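To start, the structure under review is shown below, and the notes come after it.
A, B, C, D, E, F, G and H label the chains in the order they appear, each numbered from 1.
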């Protein structure tokens, strides 16, 4: 398959194949098979963004295999949901990478171009929601977005939010993480005119049911927000990136 | 039993029994038995408030029996959860009463004394929550509280709430009804320093699950609010009355 | 307040106030109070879009009051979730309007400008999901987006979807409605590179639990999609509009 | 900001600003930003009570930072939901504090004034509910309320409750914690005439679903009680304090 | 089969087969097949009680067929869960029967022998629970038990229960029906020393979830009670009969 | 497209295209577009079975359009989930059809060949489960299977099942419908050695939660059975057909 | 209080107080207060059975205090839900006791009289349900019942049950424990004519939801069984004892 | 019993009993009683397949006893759900066995005959679903089926599935394991014409609720698939075997 790829690129170089044709062609090419995982190098082409490894439930060896395969293609790579131990071991194998403990993410990023058109703002309701917010932050940075944070502005002291209207109004897309009653995204979406993405977090106890209450609250928002799965900071930032590149 | 009651009151009148003793005594006296229902006349004494009839699931005849029994003792009476048809029929039987269609309540109220110490404010998030708010309003009035309303100030346009800070700050107890994501009581409790009572309403669709989402959201409020059952406007106002009389 | 508004606009006309300043100012002005409802005329300014009336649970008189108030300001108006009877009565009152029975929407639209930058595509999984798709369609049109539809391409015969790749690839934002197992948005998002919005519908029986299964499936999508409440075609189209105007 | 605060207080001292004006002013002043947390010193003013730190999910360092910041303002401080290990370490850092193991609370309290008007009674159904009751007890004491306890009077031997009517009747507010079927608050509220606050506990097994059954039972009480989240002893005591200060 | 049955009974009469042997034999004989239903005449023998027809979901014709088949064997018959219309039509067909509207039961009972050893007491918490209590009452009577009722003694006014200790202590088995928080069976079982059967009812609203809350509460009772399905008054009385015949 | 189809079939007839090739080809041909529905004529080829119309939620006109389109191709057609009124109207339009009221199915069947290799047995637990069993029966017959029924053999009188072992042992596939506790499929699968398909029905009340209990019970069977959605008699019979044709 | 008790007993001994009077009197006497626990010595009189200690959630010291207090009155004592470590430590303190590891119970039993009238049979569906069955067994023995066991006769091989009909027919009360689909109690109750008690166990995985499925199945049994909480072997045996003593 | 068995087999050998008669006879013979477990040797005959030991919740000694008892009869044996530690210990006791760590299965297999008629294909959606797929694979092999695997072809990159149509079309039965939104079995069943078995896995987080979402999605599939309990790879393969032997 690599041979085909080279031929194709040679044709592009020589001008016998246009970029558009090559691009179309690449979208139909198969994936790379590591036995345990089929890496989808072409997603980068098809979706315009690099492969991301969901680290949870994968062995260290599996993760290393995937990262190695991607590094051989000189692709940037992001591994999410890995604890400190795995992160530290990855750093030894790939010293060019960075491990962010709060976000539980490891990444190698060489392409430093800013790709999104505006700024993505990550807002969190309370100190404990920061982890999910941080996962969103790292992901958003990784995909080349200008990204800012606003922490600990939950509804119990809503004046803290109103003192930050400036930054809210500068964002092109806003991600709001909130646990417990999950009300903050509704408030934010009632103030701004850009798309707001709500990410319920599993922060809470008793009748929070591991984030279910925040999830349901966001789905029933009387402001209009879009919602992601509990603790899915990555997904929200990926989606914000899609919007920010439009 | 009525004989005993008369004797007792005669003694109070003649001074051979103190008011306190009589009061103690009354708390132990039995209830009146209408076969289908045991009316608890002494709750008025024990709890300091008159009997209220939960109309849902009772036949018209049962309701009339109870109202009649109470009117014979010259007690004020409130019947909740009855539709327009029953309300209209009650008005014919008891023309001294009032039927409030929004609140789905019928009541006869002769004792016009104001009994609570401050004002109870009823706040509702949206137009559709008004029914529950109205039940709370009628109940609060019935129990002798100074009562005011603030409608349609939900979180999708939170500035509507902030333009009403004056009335919020005048209240001694605040009842907030809200459906959908149920966020309003949290916001209100983050602003004022008096007890806030949250009443989730069954307003919503899909993942609101008949008010369950609003209920869960209020129970997980990061402000401190107390919570009642879905659509229980009566209970909230009864409870606010207990607080307002302290 | 109307006086203030006129003054402001006069100043804008005369050039003594810039458009930007006026815009800022308007965002802080209060709402119009119809007693039962507080109309938020400024949302049009704040969020860049006109007021929409959620018809469910409102009386005919309440709806007429709101529509009238908005027509007096010459604002376009959309009323959602109203059945044929209410729709027909509205048509008599406001003959310049249109009632779409499938979508259960009534609207008056004079501003025919296209405002979004690209095309919004509404995809539905099965014949029965069309209602929700239609609500999304009407809403998207109402807000000035170029909008197209693709019906009945669910996963039981997935080749029907692949025969429509052309239209999928032309869209700037895609809304996918699906009931039962709710798998279609995942498939679509695995194919295209633009934001996909999933709307679970209440179509199904037994363990579909009124759309809960489709909702949960979409929240757990291994593709990255954003999710709205069950049957919330309006919300999805409103949100797609926000994205399409970026 | 501290400068402004000092100026303000100087003016109050000199009489050029009335206490009321200063109080109003303070309510609008911003919070203190520790980066990870925005301490809301003014809640003490706005709500009339000091800041409380919810310890669960915070690192030891974060807790120490907050406590230190508050001690520098000479404010009393309560940290809830911390296990013995953290409590012991806090005691070393702040030897003037107290750690209550049953309640899982650490607090520093210099202001010994009694502030509530009456007595708050904490009732628990069974031995295992004591932890939540103890959290409520410590919180109530911390906020300056006269507080008493009544343990192990659950409904399986209801005569134990009736032998304690005296203390029940002396309370101004009653908090009742109960797990399993959560029936005790209903019984208590059927006896007394003051506000009763129900706190479901996670005590139980099988179909208690971590306290959900007790929560639902309390929400459906045919007596009128207000309800808090599962195990939320702190919230109940905070709310009882609000009532007790009226 | 009827021939076999006659032979058998003739043998019993003539003494060539003992009653015990015949009884054993009968337990193994097959059922009567009405095509749509297989009547189990021998349950009367196997379980010691007559067949009962669960009327819900059966057509009038099916019910008539079954009742007729049983009357031909001169067996007593009880039909549960039928509304007034069906009941009235059955009365015309079988004028020897009785239709109890509250209990929604029709029955023909010729065997008037008292068969249980003691009295079964049916206790209901509120007026609205009476329907389920009445189904239990009719069933208990039908099976030949001495049966008494105690209505409207719920936990909101627990003194009403304590004024009826006499009758509680006379019962051999007690059935307690309760909706809402379902606490009454626990209280009763804490007082008496005989088996208490809890029957949750669907009485309530909001978070009662059609009786689920009462069901869960009873399953978590800290007294020891046995529990039946929501509204299953028949089952409870059948089971009480089994106990009362021991 | 029809032209292509004809060409293809002509080639098959003339022998220039083998049956296998034509068959492969047909699998890739597109569907017929009725605007509101895309009929998948090729499913008959791809899956070996004719199209079935899920009638629920479709208008009469939509159903007629689909049936007509299929009759024009001379295909057999089955419409499920339609009530008596729609069924009667269909009979008028298509007098060659049959409407089965119990099964709520209409069908036109000209191909009378038996296609499955063995007999499919439909077992139902109680009289009320018959509707779902009947839907399965009609479906199984429609697809050309030899089909038999065994009704009312539920676990309350398990001897009724054991008296029918003969027919159980003759079946090649067994479908068992059961509501309430849903135990019958487990028992049957413990006896026979062929695949057993469990179909939970919505028969029951209270904690049956519309069939959820039966569904969960079947999924947890300690015998090995496969499970379908609540009331999905059609799906079970379709699946049994797939097995019976192997 | 102990003095009163002695006086009373002396009177009984001397014949000046009848046993009945003394018994009545004792029922009204208060409980013993260990500070953390109020021991209800009189339950033995009121309910006819000794106190049982629910060990889960109690500290070792609390358990020892209670056991000691009861031993001083020479009362038999049963402690349930304690793991091996606690059991072993109790054995050292009270060498006259027995610890049963399977049942997770410790007990001291000096009164060896058989008190129930018949035999209680404990049936378990699978090997893994034995723990709950064993708790029931130990409890039943402790309360003086003749008790037998029948293990591993679940519905996957229902012939194993039928080969044990003899023992089933000898029992006066039957307790059936079952996890997964929880069908066994229904089968047993369809066979015998005595009261059957179902105890769902938490055995299973996936959609067994910790025993919820078995619980729901038993509540929906079409045989008539009474149901207890998940894993509540103790409660079932206590209740069986109440029945067996009638 | 073993004597009877030998006699029977001798008769078969000598021709005085036909194989069919012996087979019938064996089906009625009892099981072997190991005290803690009743081994059902005859299931092999009754169902045509050997006994399988569900290892979860059994002690090492219990497992060894069962394996030993089966090896003495020279029966093949499969133990599922055992972790590496138990597996390793079993290998020491029974060195002729194999422990598969991914599948968490131990088995001894001497009978190498291929018994099913076609190939069973095991498809898994993602890397993390492999465990359940592997359990299905080992089980399918153990029962003598030709078995193949297809891993990591989930819906996020659906082209990976379409590149494997060849193997899909060769299978006689297909098992598809999928977590998260559980959509893959629907897609597969929309493509092939053989029975597809869906096995939801507990892979996922947040609103996947331990596999519940995937389970519900599969039950609502608009393709026709049969469904098993969450993570029940064994059951699916056992069932596929039953089909494959038809």
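FYI, a residue touches a chain if its C-beta (ideal position, glycine included) is under 8 Å from a C-beta of that chain, and two chains touch if they have at least 3 such contacts.
These numbers were taken from a predicted model, which means no experiment stands behind them.
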Where subunit C and subunit D overlap in contact partners, by chain label: A, B
Angle (degrees, nearest 5) of the CA superposition of subunit D onto subunit F: 180
Homomeric contact subunit B-subunit C: same or different residue positions, threshold half: different
Inter-centroid spacing, subunit H versus subunit C (mean Cα positions, whole Å): 49
Whole-Å separation of chain centres (CA-atom averages), subunit C against subunit E: 55
Interchain centroid distance [CA atoms averaged], subunit B/subunit E, Å: 39
Residues of subunit A whose C-beta touches two or more other chains: 157, 191, 206-208, 212, 215, 219-220, 229
Every chain pair meeting the contact rule: A-B, A-C, A-D, A-H, B-C, B-D, B-E, C-F, C-H, D-E, D-G, E-F, E-G, F-G, F-H, G-H
Residues of subunit E touching subunit G in the complex: 46-48, 117-118, 172, 191-195, 197, 215, 219-220, 224-229, 235, 238-239, 242-243, 246
List of subunit C residues in touch with subunit B within their complex: 28, 30-31, 36-38, 40, 43, 56-58, 62, 200, 202, 210-212, 215, 229-232
Subunit C residues within the subunit F interface of the complex: 127-128, 130, 151-153, 157, 159-160, 163, 203, 205-208
In the complex, subunit B residues that touch subunit A: 125-126, 154-158, 180-183, 186-187, 189-191, 204, 206-209, 212-214, 216-223
